[in-house]
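Below are two complexes that have chain A in common, paired first with chain B and then with chain C.
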Partner chain A sequence: MRWSIEHKETWLHETNPTVKLLLFLPMFIVIVFVHNPNVLINWTIGFTALFMSFSGYRMKHMLLFFVPFFFIFISTSLSMILFGKGETTWFRFGLIHVTEESFYRGVHLGFRTLLFAIFGLMFALTTKPVFLFYSLMQQAKLKPKYAYSFLAAIRLLPIMLEEFQTVHQALKVRRAAKAKGFRGKLELIKRYAIPLLSQSIRRAQRIAVAMEAKGFTNERARTFYYELTLGKYDVYLFVVICMIVAMGYYVADAFPYVPIKDVR
Partner chain B sequence: MQTKGLKLTDVLTTVVVAIVFGIVYKVWGPLYYAVKPLGLHLDQLIYGMWFIAATVAYLLIRKPGVALLAEVAAASGEFLAGSEWGLEVLFYGFVQGLLAELVFAAFRYKRFDVAVVSLAAVGSTIASLVVDFYKGYIDQLAWWNLTLFIGARFVGAIIIAGVFAYSLVKALEATGVTQLLRPTTKEDYDSLDK
Partner chain C sequence: MIHIEQLRLKFPGAEKRLFTDVSLSIKKGEKVLLLGPSGCGKSTLLQVMAGIIPRSIDVPMKAKALHIPKQVGYVFQDPDAQFCMPYVDEEIAFVLENLGVPRAEMKEKIERVLQRVRLRLPHVHVPIQTLSGGMKQRLAIASVLALDPDVLFLDEPTALLDEEGTKAVWETLKEVADDRTVVIVEHKIDHILDFVERIILFNECGEMIADGPTDHIFSTYRSFIAEQGIWYPEVWEMYEKPKTAQQPYHPSDVLLHVQSLRGFRQKEEKITVDDVVIRAGEWIAVTGENGAGKSTLLQSFMKLIRTEGDMYWRGELVKNDGVLYDNIAFVFQNPEFQFVTNRVDDELAYCLRLEKRSEYEIEEEVERLLRRFHLSAQRHLHPYQLSMGQKRRLSVAASVTERHRILLLDEPTFGQDAKNTFALLEWLEAYRQQGKAIVMVTHDERIVSQFATRRWIIENGKLVADETIVPRTLVRGGI
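Right after this comes the complex of A and B.
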């Protein structure tokens, strides 16, 4: 979505989107089954370095992207630090009970979320949605009706944003753009959602008719405007990920930062 | 009458509606950690918004597979818009959509009332809790805190993805737009014979 931000095209942009997705998604499962904070800290450093060096974006922009990560780091780790179970008490005040175990577990959770976020950002910033869906059709055999629906929907976003502004201004003029309380807020969401959704549905219907007429439902062999293939950069990415993963384990074993090997 | 599987029209409408919710999911992120007042789990009350695409799409289009597709599409939209949570939203989206879909399948896609969508919201909540269990060690929270956490998430899910989603679709029905979407029913054919 963010390809309008000025950047250089690096080898990460050249990798096949499907391959990238298939390399990144399993990392979620791998990370969930790692319980040693040292490993996660090393991986965070490694993948942040990969992202910073090869995303092709300016340092200024990358640091801005990292701002929300700071909040989610705090918010995911804090509940566990303050309210987690543990034996060695560090601090107790009313309901708050900070222990050594819960502290490390909280920090571990923070790094876990950070890693997912870095993978997500790395993918989103180096992949054009158009190529992603073309590649999914060609390499992953996704049915064209799904892929082209996604592509059409993405193209509709600017129109939706414009409509949102129109509705917002209309409500403002009528002094109906604010509401109090939980109920009022839900009503407010409805006030925005009904016109936006109904218009989107009508538009989707019209576009679907046009797309059907032009043969976008054709499930058999078809040609593509963009031909995406696999290349050497996919191998590079695979090797780099394997290296960071292996190094993370090795360094965690040889030079641990924290004395805990399992946070459970 | 009804053809098997989803047609391009169904898929496109589902995806378009879902992408609208995908943007909502994205802006819901900052809201979620803004209302996180030091772990008292008030934030869990608004977690249910992340289940709403499945229930709304199902109520609108009323076909098998729509709930799962909508939730996955909304998660993809959120992800491509640059979600703070990154890739994990795709996993959450998939399991949440899957459990909502299973609830609808359990009623053989024949019921479209507020009870069924609330049940689907409960299904999505359970799915999200299962992922949280592995990802977030939530079983390691103090018991009172965990109870509050789970309770708040269920309540929020039923209010937002159940009751609110239902009232949203009811309001959309009033605009007449839903007539474009739904498969023709037996009543429609019967009304022709009168």
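Right after this comes the complex of A and C.
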């Protein structure tokens, strides 16, 4: 089964995963405390541009990745827009009550989720798990015990997916892949989960034993096959993020799209 | 090299002690095979010798003296459960990292161990998932070699491999063994008899009953070894197959007729069959290399994957997949995936209940099946608590009901010992005699030549040959 999607390696892939994590995580918090929709719109444009130009993936694939987030954008903003509170009524029909305030609040919320999505995608699509954990071990002093456990677990996922398909076929043949009623559905979940979990637990235990048999202990100092260091690309990323953040504020102030500065 | 005196070991929760005062010593450079019935504790002993017990697996044990080597390499049974990294080079690097090998030396060392096991890859950064079972096991050997062990412990390294992979793995192991000490646990011993010089024989109770040179043990304990279901070289010659095997069945009416069937996996065409029929009373062996599309063929017959083309059930075009499920039974390679209930007897009753038969009738049928498949004593157990052979028997018994006319099996004898294999083959033969058809994927040429009436060869996703097998005894009888 193929898991990686064809892509080019860009400078975003060359950045240090720990640095990337340290730059992106604070952004999630910052975004929550920004209440000016103009700023968020500018940031969305800026970071989308960064993502689209340097993720190394084809436009077709990137747009596909955005499809689910676009739906979340619509649904979060709509629920806020249609049922929010506000003074200036634009439209009222039964339960639906659209006001100016709720409209801007909705749009603001939508862009916030979109920004989260962009940062999440940008991190996931330009970071190899192996490099992330090697970097965390080398730069963030994560204990190898945890890093390698995660890496071993990642290896199990595709195997589990294949097994899920086999279990599905096996149940279908025995006419046990469908069930009626709530209790039936519960029974069905068990039917899938028990073989999958029991296989995974046994496999995980065996892998753990195999890892120790290969000399994996906490006692000795390790060397690393991949050496991850900080480089100029990390500086680039830092500068680019700072520029987009600053420009976002400046443009929001100089050329606002919406007349509201604070949606609260 | 290894010296154990009066080892006592008991698994927590077990009723009996697994070992009581077992002593043995193995000299440097010896190639030793531990042989015995399943469950006799060979693997446990191997883990004690390798230090895995009690270091990684905590089992209470006591020994008067225990000298075990420091530098050991251990190859496990399951190719999918001994790697922790996604790529070939990273996996070997993991071992080198553990040893503290400087980064600059790693590349060269990785290439050297890969060369030693003859794992020829386009480059070292290949996803482990894309390798075949045999290649994975050779990678496991390569990563063990990176440890530069004095002793190699091999715990049924080929139990889950096909014939080709088995051969390749043993060839590799013989090459890399050199003057290292090698201790092996294995059931399929055809390939290693010329390699091991000493055999230690165990009985069900974990007692050592013999210890000596290979030839001596084999000539003295032949019948004991045969009884334990071990695959020794002459096992097929000693075996007397049912008289009905390979005899034609009448009336051999057509059950399934397949016309230009094509099976797809994610838009990719994986199997093509032009025109074949399956008749009542046939035993069709499906053979071909790994990845040729044998399992895919069976899945296409059941429409478990997307298919195109026409199928006729007894002359009538199949429009509804239900017709296929009603008449064709499918036994998967891993029996555990097919179990749907929590008890052996419920498992057998499951299909019957779906048919809405009366409880009385179901109870009688379940009793009959339990006796037929020797599962009466286990009827209250959870299917997962059964042994390998019992699980296989249960999965066959539970999948097949009277209305099924065709039975599809995906390597049902895989990983089974000789005793279980013959029992299953005999049951299948009796089943065929009821006018049912058997279509079975197998790698075992002996099964093909002794039981099958027809053979299909699959090559690169195509059914390329469909030949009738003439039983050899008939030819010798002089027609």
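What we mean here is this: the second predicted complex is superposed on the first by the 248 of 264 C-alpha atoms of A that agree within 3 Å, B and C clash if a C-alpha of one lies under 4 Å from a C-alpha of the other, contacts with A are read in each partner's own complex, and residues count from 1 in each chain.
Criterion: a residue touches a chain if its C-beta (ideal position, glycine included) is under 8 Å from a C-beta of that chain, and two chains touch if they have at least 3 such contacts.
Computed from a predicted structure; not experimentally measured.
After overlaying the two complexes on the shared chain, residue contacts for A:25 are found with chain B alone; chain C is out of touch. In the superposed model, A:259 lies in contact with neither chain B nor chain C. When the two structures are aligned on the shared chain, A:116 is found in touch with chain B, with no touch to chain C. Chain A has more of its residues touched by B than by the other of chain B and chain C.
With both structures placed on the common chain, the touch criterion links A:94 to neither chain B nor chain C.
In the overlay built on the shared chain, the residue A:79 is in contact with chain B alone; chain C does not reach it.
In the superposition on chain A, A:181 makes contact with neither chain B nor chain C. By the touch criterion defined above, A:212 lies against chain B and chain C together after alignment on the C-alpha atoms of chain A.
When the two complexes are overlaid on their common chain A, residue A:170 makes contact with chain C while staying clear of chain B.
Within chain A, the residues touching chain B in one complex and chain C in the other are 1, 129, 148, 152, 154, 198, 202-203, 207-209, 211-212, 216-217. By the touch rule above, chain A contacts chain C in their complex via residues 1, 129-130, 148, 151-152, 154-155, 158-159, 163, 166-167, 169-176, 191, 195, 198-199, 202-203, 206-217, 220-225, 227.
Taken in their complex, chain C has these residues touching chain A: 50, 52, 55-57, 72, 74, 76, 78, 80-87, 89-90, 93-103, 106, 128-129, 143-144, 147, 299, 302, 304, 325, 329-330, 332, 334, 336-340, 350-351, 354, 384, 398-399. Contact residues of chain A toward chain B in the complex are 1-2, 24-25, 27-28, 32, 65, 68-69, 71-72, 75-76, 78-80, 82-85, 95, 97, 102, 105, 109, 112-113, 116-121, 123-125, 129, 145-146, 148-150, 152-154, 156-157, 160, 186, 190, 193-194, 196-198, 200-205, 207-209, 211-212, 216-217, 263-264.
Across the complex, chain A is touched by residues 6-9, 11-20, 23, 29-30, 33, 36, 38-39, 41, 60, 69, 73, 76-77, 79-91, 134-137, 140-142, 144-145, 149, 160, 164, 167-168, 171-172, 175, 177-178, 180-181 of chain B.
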